[in-house]
Every structure is written in structure tokens, then in C-alpha cells.
Amino acid sequence: MKGRPLSDKPIRVTVWGENRHEKLEEQVAKIYPDGMHTTIAEGIVANLGDRVRVRTATLDDPEHGLTEEILADTDVLTWWGHAAHAEVADEVVERVHRHVLSGLGLVVLHSGHWSKIFGKLMGTSCTLRWRSAHDRELVWTVNPTHPIARGIPHPMIIEEDEMYGEFFDIPAPDELVFISSFSGGEVFRSGCTFRRGHGKIFYFKPGDQDYPVYHHEGVRKVISNAVQWCVTDQPTRSLPTLLRYETNDFYRGHGYQGPLENQA
Amino acid sequence: MKGRPLSDKPIRVTVWGENRHEKLEEQVAKIYPDGMHTTIAEGIVANLGDRVRVRTATLDDPEHGLTEEILADTDVLTWWGHAAHAEVADEVVERVHRHVLSGLGLVVLHSGHWSKIFGKLMGTSCTLRWRSAHDRELVWTVNPTHPIARGIPHPMIIEEDEMYGEFFDIPAPDELVFISSFSGGEVFRSGCTFRRGHGKIFYFKPGDQDYPVYHHEGVRKVISNAVQWCVTDQPTRSLPTLLRYETNDFYRGHGYQGPLENQA
Amino acid sequence: MKGRPLSDKPIRVTVWGENRHEKLEEQVAKIYPDGMHTTIAEGIVANLGDRVRVRTATLDDPEHGLTEEILADTDVLTWWGHAAHAEVADEVVERVHRHVLSGLGLVVLHSGHWSKIFGKLMGTSCTLRWRSAHDRELVWTVNPTHPIARGIPHPMIIEEDEMYGEFFDIPAPDELVFISSFSGGEVFRSGCTFRRGHGKIFYFKPGDQDYPVYHHEGVRKVISNAVQWCVTDQPTRSLPTLLRYETNDFYRGHGYQGPLENQA
Amino acid sequence: MKGRPLSDKPIRVTVWGENRHEKLEEQVAKIYPDGMHTTIAEGIVANLGDRVRVRTATLDDPEHGLTEEILADTDVLTWWGHAAHAEVADEVVERVHRHVLSGLGLVVLHSGHWSKIFGKLMGTSCTLRWRSAHDRELVWTVNPTHPIARGIPHPMIIEEDEMYGEFFDIPAPDELVFISSFSGGEVFRSGCTFRRGHGKIFYFKPGDQDYPVYHHEGVRKVISNAVQWCVTDQPTRSLPTLLRYETNDFYRGHGYQGPLENQA
């Protein structure tokens, strides 16, 4: 957005990576010797420079690296997970969920579609059809004025990636930004925005661990655009709350004591 | 919809009611001597006659009256709860959730906005502002071609109801059908559709237990329209599933064995 | 929709065809010896039988066969045009536009995307990328509970059709029902609903004159589903109108006399 | 959006005003002695300072002040008109329309709902119900993470303004940001975004000429936020165009020669 004040502080980004395939599978380690999260983080810095302050966190960190303190110090969280979705502690999922509804931005990448946090925010199964068979993926922009599509080729060509196909069981996105096609003929709503509570969410499909997708310049640019878009416009992080308001008092709500007690 | 075959079977409706206020509070029992669920069910029958087959179920029934058998025999479930949301067993919530994603229609009424099942389907806090102070509610249609608005006065006047006001923390609805205003000046997105998985959902705001709202002819008509709209167009109930599809085989997916095993 | 009364009258459908390619191009005449409009009409009758009453009209009829009388006697109009968009009289376009805003359903087919009436209703250029080169088209359902997708294979395979690709310059559809991919790798939002005024509109992509697309069973079924969906739920046809309403008089608006006179 | 480069140029804003009521009606001239457009322009400068470069144009300027040169030098156009919509030359409307589809941002204010340009972009009648009777207007935010709602009180109170009520005959907005209620009980979708072609559009309801609404600090802030939001993310202004693309040549489209010639 043009015309912003010059005093803006850097966006605080936490790149979360499951970091298991890289340890267990040689071919993934070759593509991402320092872990996928490191490559993703580098792509954001390469695009946004000192407009961001990026850190990484992984599944095996204490509390998966997503403590209350870290989340409170994060404007936008990016999420890549796959083999170990089930190992993410429910308590951490609750915490991230609460932060998203309170204003944390969330960029969900590729197989993160089946993460606990994405499912919890969407309310659906988030299932799809898939095939890892070296399909070429073409990413087409269907919302050319969206900030997340800024500077992205139309189409953007990814030489090889996993196929994800419809039906993708998500709520109809607030904004559909990208649709992908695959060599095999499948299509996928591959760039979708969602607003939930005070938080902004972007799902972006590319990025199977078996292909060097996060080294792709355009993919890195989309993620960087999404990081910028996902910053909430709320001045402070606050969870939407149920409050009673008296007639003609629009600004001072008071707490809820339970439906039956309240009326007694 | 005009032009439907004559052979259509009746819609199987289950009206679920918490049925606690009616037992504990005299003023509610006076308005709804047989329980709110009974009045809601009667309103549907009054409007749809033999085009529906309606039963009721309540919190205190075994498994809250929502067994696998009952749900499998239900096309559309309506849900009113308030004081005892927390008493609804998580297992039953999971079951209803699975049925909705598989094609069960769901009409969520009034304070059902804070039920476990609605929150799970929306992914948000579903909080709002409220006041029970005899506000007059005006229900305005903003989507006049929607089947749920068919035959509803514009505005529809409800002499007294609880005030629910924005911000209502829900995902942007797929279709916004009604907006309500209240004597106090608040507004509320009071009629909203959502599609989740293979299921269709309608949230409708009117209906606090302290006012005779479910005796209101227009309110009963909206609920009846919603029951018709919520019937899924899927021929059989099926849960969206993650499946692998080989290249050029579009119709026969096979099961998923887990990301790491699968690639080994 | 289940549970409809048995007394419903047949849907009155007018299938409009430009009917020029069939006269001027031998290969088109071979596929559609009685005109494309006739084949489209037959497909609707084959699916809906006596639930519809179908007539056809073409460009060369007086007033293009779209007189005030015909339109007033039509519930849903389907539109196929291509070479001769410019020959459609502006007066007829205005008339159809007024009827759509008043409640006429409209199914716009294939190259109808560039018709005057579709452009006037959308407000955009309705341009796209294209290629007529025997691409295979796969039509994927992304909204499986939508009535227009009822009974349609996923994907639906059309052996040969013209390619239409994104960016398709339309407003974001109210509901996205289908996305197509083509052999060449392009994608297209190929099934889109729009509500405008009191009218319901469906755009459906398949159907280039050079291929036998309107003989395709699935395509015919989609069009038939769309005809049913496009019937408005307004009881009578009425144009939205600017009216003044006095305080506390919600139901009796009065006419507008112009802003300056009015205030005098 | 945080994290933007510091080198951004000022947004070029043209504030268009009909400027007739101010000349013909004493009470309007008292509120807006230099014209409504001047007050609107001042509000934008007051909020955005040197992040904008604002000029004004009025109906009685040659070509209404909206020449090709001016439009090409404008990032965002704001539009207020009322009594003299009909006097706006169709040629100028076409020109503005072409610029919007090519990337010009457009903020339509209050009675601009019935301007030729808004109607042309929406495709609907854009009618509503109204009453100028000193209603209090409350503007409620229903999309709290939207940049246009940033810093706006919830609700925002406008002591007196004209009532606009539903049904407002517009396409369902891409994003609904504000809903207003009025003393009389009516509601209105008062803040709506639309994307058309490469252009971004915001409609904002407040601002009848008989009340000092454009002196209201919150209203001025909304307009200023909208000016920032409406800047397109396209690097250069370009009209969406129909182009043919050969198989495997995704980037070089060629012109269209007409359907029949083309195939000959």
C-alpha cells in the first residue's frame, strides 16, 4: 500500500518447520541441507530485507518453539508440517489458535493443509487428492489486484511439485488468488485468503519436500507478499470476547457470568 | 426450486433442544410449556406438512438423542442450546461434525452460536455483544433471491428479543441473507449460510428463551425455508477423504498410508 | 430441494441462439443441423421433461425473439452468441437487463461471456485468453453441495473444446462451482453464479461451435441443473426501485422526484 | 501494511465533486462554503499529509475535469454526485470506466450510489430506500482486520445524516466492512469493497449534503484509509484484453480478429 508512514517497524516473522523429512530422508536433506524452514526464512529475507525480522522454530524445540512469549513477539507465523502433524501438542495448537483469533497472521504452506492448526481454523476436513509424480505445476492468478499476487508471473511455472487436486475440503475462501493446474490435468485452489477473528490467514499450495520448490524465486516472492498481507490492522492483539452492553452504552461491555446465573 | 420430480421423499428433520431453561425457569416454561424444541418442531410441520418428517431430541436423552442411527436417519438437524453448552459430550460433537461434513444439514438457532458444534465448524470464537432488554428486532433481507428469504416480510418485525450485536466473530458467511437492527441501535448479521464439506449450514439469530419468538409466524417460516435449503445435493452421505490418484486415473483414489511410510 | 409442493408449474425456458455459425460454416452445421439452440433445448427437455416448457429464439427473429411478451413469459433465458454480439440491438439488451434485475434467470453459455448483456450485468470487460485447438477440457467441481453440480462426474471430461484461460475479467463470482483445466495447462473458472437485483445468473464455459459439446450428456445436465437453480424465489417480477420511506413506516415507500426538487 | 519500502511515491488523488447543491442551496453552502469536494480533499490531506497529492475536479470543469491526462495522472478517484448525475457525459463515464478496469482506484461516496459510473461498474440498479430526516447513523465494523476499518471507532457515531436502507441493489460485495443502522431502525451495507478488472472500488455511505458529515473526523479517516486501499497493485495501468495464446506459449498472446474471420 502506497502512502504508508516511514516509521513502520519491521514485521516479526516466525518460520515454523516440522524438520523431520530433512533428517530422515537423504534426498530431502540434499535439497534443504539446513532444513526447509531455513530456506523459507532466507527467501523472506531475500525479498523483504530489513522490513522483516525473521526467526525459525521447529517441532523438536521445547514447546515446538512456540511459547507464549515467542507468539506474542510474532506478527506472522508461517507453517510447514507433514509427517508429524500428530506430534504437535494440542496445547500448542490451542495457543496458536488463540493468537490467530487475536491478530497473529498465519501463512500455511503445502502439506500444512492437514495440520491441526489449519483444520481447527477451517472447521473442515481439509482433505484433497494428491500424487507425488513430478507433475509440472502452473500457478495462475485469478485476482490480479491482490497484494499477494504483486509481481508474480502469470502463470508462474514450477517445474516439478506434488499434485494436489480438488475437491479441497475448505470453506470457500474469502479471496481466491491463485489456481494451479498440473501436468496430469488436475486443478487446485492454490492461493486462498481467510480472515478468522482478528487474524489473517493465507494458504499457499506449492512446496513438497521432495522438490526444490522453496528455492523458486516466484514462490519465495508469494510467501513474502503473504507475510506482508497477513499483518493484522488491529493496533493490539486482542481475543474477540462475549460482552454485555447496556442500552446506549456502546463502548463499555461487561463480562458474561453464564446464562442461568446471569438472569437470576 | 420449481421443476422438481414429484417422487421426492419427505425431509427427515431432527429438532434438537437443550431443554433446560424450560425446566428451571417459570417464565420460559410459560412460553414453551412443552419445551422450545416442541414449538420449533411444530412450526416446521405447520409450514411444510407432509414434506417433512420431524422428530425432536434433547440434551438429557441418552447420547443427547444424537446416536449414529438417528443422525444417519436425519437430513437436517436444528440446534438450540444455551445454558448447558458445556454439558454436550465431545464425542457427540465429533459425531455431529463428521455427519455435517458428510452431508447432514444444520440449522443453528440463536444462542447456538456458542455451542461446541458451531464453534468447531466455524473455527472462530463465535462471540458477539448482547443484551436482554426487550429490544425490538427488525430483520432486513439483503439477499432477496435467496430461497431462505422466500415469503419473509421486509422488514420482519419481532416485537421483543434479545439484542445480539457486532462484531460477531464468524468467518465471512458464504451468503449473507438477513441483517437485524435493534431498538438500541446495534446491528447483527442475523441470517448466514456456510458450506462445510458436503454439508450446508444456516445460522439464524432470533430466539431467546425469554420471549415467544418461536411462536412468530415469520420466524417459523424462515426456519422452514432453511430446513429445505440445508438438504445437501449429494446423493449419499460421504466424508471428504484424502486419496492418492495415479496419473490419468481420475476416478479411483486409493488410501493414504502416512507420508513417510508411503514414500519408503 | 426436497419437500417442495407438488403443484409447482413447469419452468418456462427460452433458449436463445445467435444461429449464425450454423448457417455460415459447414462443419458447425454438421454438428448442429437444426442449430445449436435446438440441441441445447433438447438437452434441457431430455433432463427435465414436463418440469419445463422450452421454446427457442434467435438473432434473426423480430426483436431477436425477445419481445416484452416473451420475456414476461420466461422464467429462465439461456444465451449463446459469438460472431454477432454487436448485432444484438441495444434496446433488446436493455430489456433483458431490466428483466434480469426484475427476476428473470439467465444462463450464459461459453462465448456468451462477451455478449452485451453479460458485460452489462458484470460491469467488467469479461475478457479472457483463448485457443481453439482441440484441447481436452476437464471440469472439476469445487462446490460439491451446489445444486448445479448435482450428478455431475468429478471430473467431467469433454474430449475436445476451445480453451478459455485466466485471467477471466469478471467480478469474483458469488459462488464458484466449477474450475476447468485444458490439455495445454490453462485453468478457467468455468461455472460461476451471480445474483443481480432479483435475478440469478449462471455462467458456464463449455460449448464452442466447432465441437459437439452440447450433445455431451454431462454438459446438458449442468445446463438443466442451472435452469432449475436460476428460477428466482421472488413471487412476482419487480424491478428494485428507489423509494422514500417515512420514519416508522417500513412498508409504504413513495416515489422519488429528483434530489433538488424534492428538498424544495 | 508494514514492511513497505521507504521509496514509495505519494498517492495521486482526484476528488471529484458535482458542486451543485453548494451553489444552489444556502444551507449546503453554509456547511461547505468552498464546496464539498474541498472539504473531502482537506480531510484526506489532514490524514495522509505528504503521502498523498490531492487535486479536485467538478462537473462544470471542461470534460468535468476528468480528461484522459488527469485520469492517467490519478491513482485514486473519489466521487460525490447527486442532483446532476444525468449531466455527466457518457463519454466521460466510458473513460472513467476504462480507467477503473485498467487499475484506477475509485471511492464512491453516498449519493454516488446512483451515479452513471457506479451503476456501470455494478451492473445493477443500485437503488435503495432513503429518508432525509435527521437520523442518527451508527457505523458498525463487521470486518475488523480490514485496512479500511483501521482506527475507526466501533461503532462510529454520526449525529445526523440521511437514512439509506436495504434492500440496496448491488452485487454481493467482495468484502463487507461496515453496516450502518439508523434511528428509524433501518440497516444498510455502508462500507463495501469490489474488485473490477484491475481496479479496486470502495463504496462508503455517509455524506448527505444537508449535514456536516465530511467534517466528521472518523468519516475522513475512513475515506483516507480507502484511498490507500484502492491503490492497485498492478505495476502499470492496463486494460484486460482478449488474446489468443498458442499451446505452450503462455506469455505472448496475440490480438483477436473476430470469430468468423479468424476461423476462415
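Letters A, B, C and D mark the chains as written, and numbering starts fresh at 1 in each.
In this text, a residue touches a chain if its C-beta (ideal position, glycine included) is under 8 Å from a C-beta of that chain, and two chains touch if they have at least 3 such contacts.
Being a predicted model, the structure only gives us computed values, none of them experimental.
A.B. asks: Going only through chains that touch each other, how many steps at minimum separate subunit A from subunit D?
C.D. replies: Step count on the best path from subunit A to subunit D: 1.
A.B. asks: With over half of the numbers shared counting as same, classify the subunit B/subunit D interface as same or different.
C.D. replies: Over half of the interface numbering overlaps between copies: same.
A.B. asks: Since subunit C and subunit D share one sequence, what rotation angle in degrees maps the C-alpha trace of one onto the other, as a multiple of 5?
C.D. replies: Nearest-5 rotation angle for the superposition: 180 degrees.
A.B. asks: I'd like to verify one number: the distance from the centre of subunit C to the centre of subunit D, where each centre is the average of its C-alpha atoms, in whole angstrom.
C.D. replies: Distance between chain centres, rounded to whole Å: 30 Å.
A.B. asks: Taking each chain's centre as the mean of its CA atoms, how far is subunit A from subunit C in angstrom?
C.D. replies: Spacing between the chain centres: roughly 37 Å.
A.B. asks: Go ahead and note the Å separation of the Cα centroids belonging to subunit B and subunit C.
C.D. replies: About 32 Å separates the centre of subunit B from that of subunit C.
A.B. asks: Any chance you could list the residues of subunit D touching two or more other chains?
C.D. replies: 138, 143-144, 155, 165, 167, 172, 174-175, 183, 185-186, 195, 250
A.B. asks: Using the touch rule from the top, collect the residues of subunit A that touch subunit D in their complex.
C.D. replies: 1-6, 8-11, 48, 51-52, 75, 103, 138, 143-147, 149-151, 153-155, 157, 174-175, 195, 198-200, 227-229, 231-235, 250-251
A.B. asks: Can you tell me which positions in subunit A touch subunit B when the two form their complex?
C.D. replies: Within the complex, subunit A touches subunit B at residues 20-21, 24-25, 82-83, 101, 111, 114, 120-125, 127-133, 135, 163, 165, 167, 169, 171-172, 174, 183-186, 194-197, 210, 239-248, 250, 253, 258-260, 263.
A.B. asks: With touch defined as at the start, can you tell me which subunit D residues reach subunit B in the complex?
C.D. replies: The contact residues of subunit D facing subunit B are 136, 138, 140-144, 154-155, 165-168, 172, 175-176, 179-181, 183, 185-187, 189.
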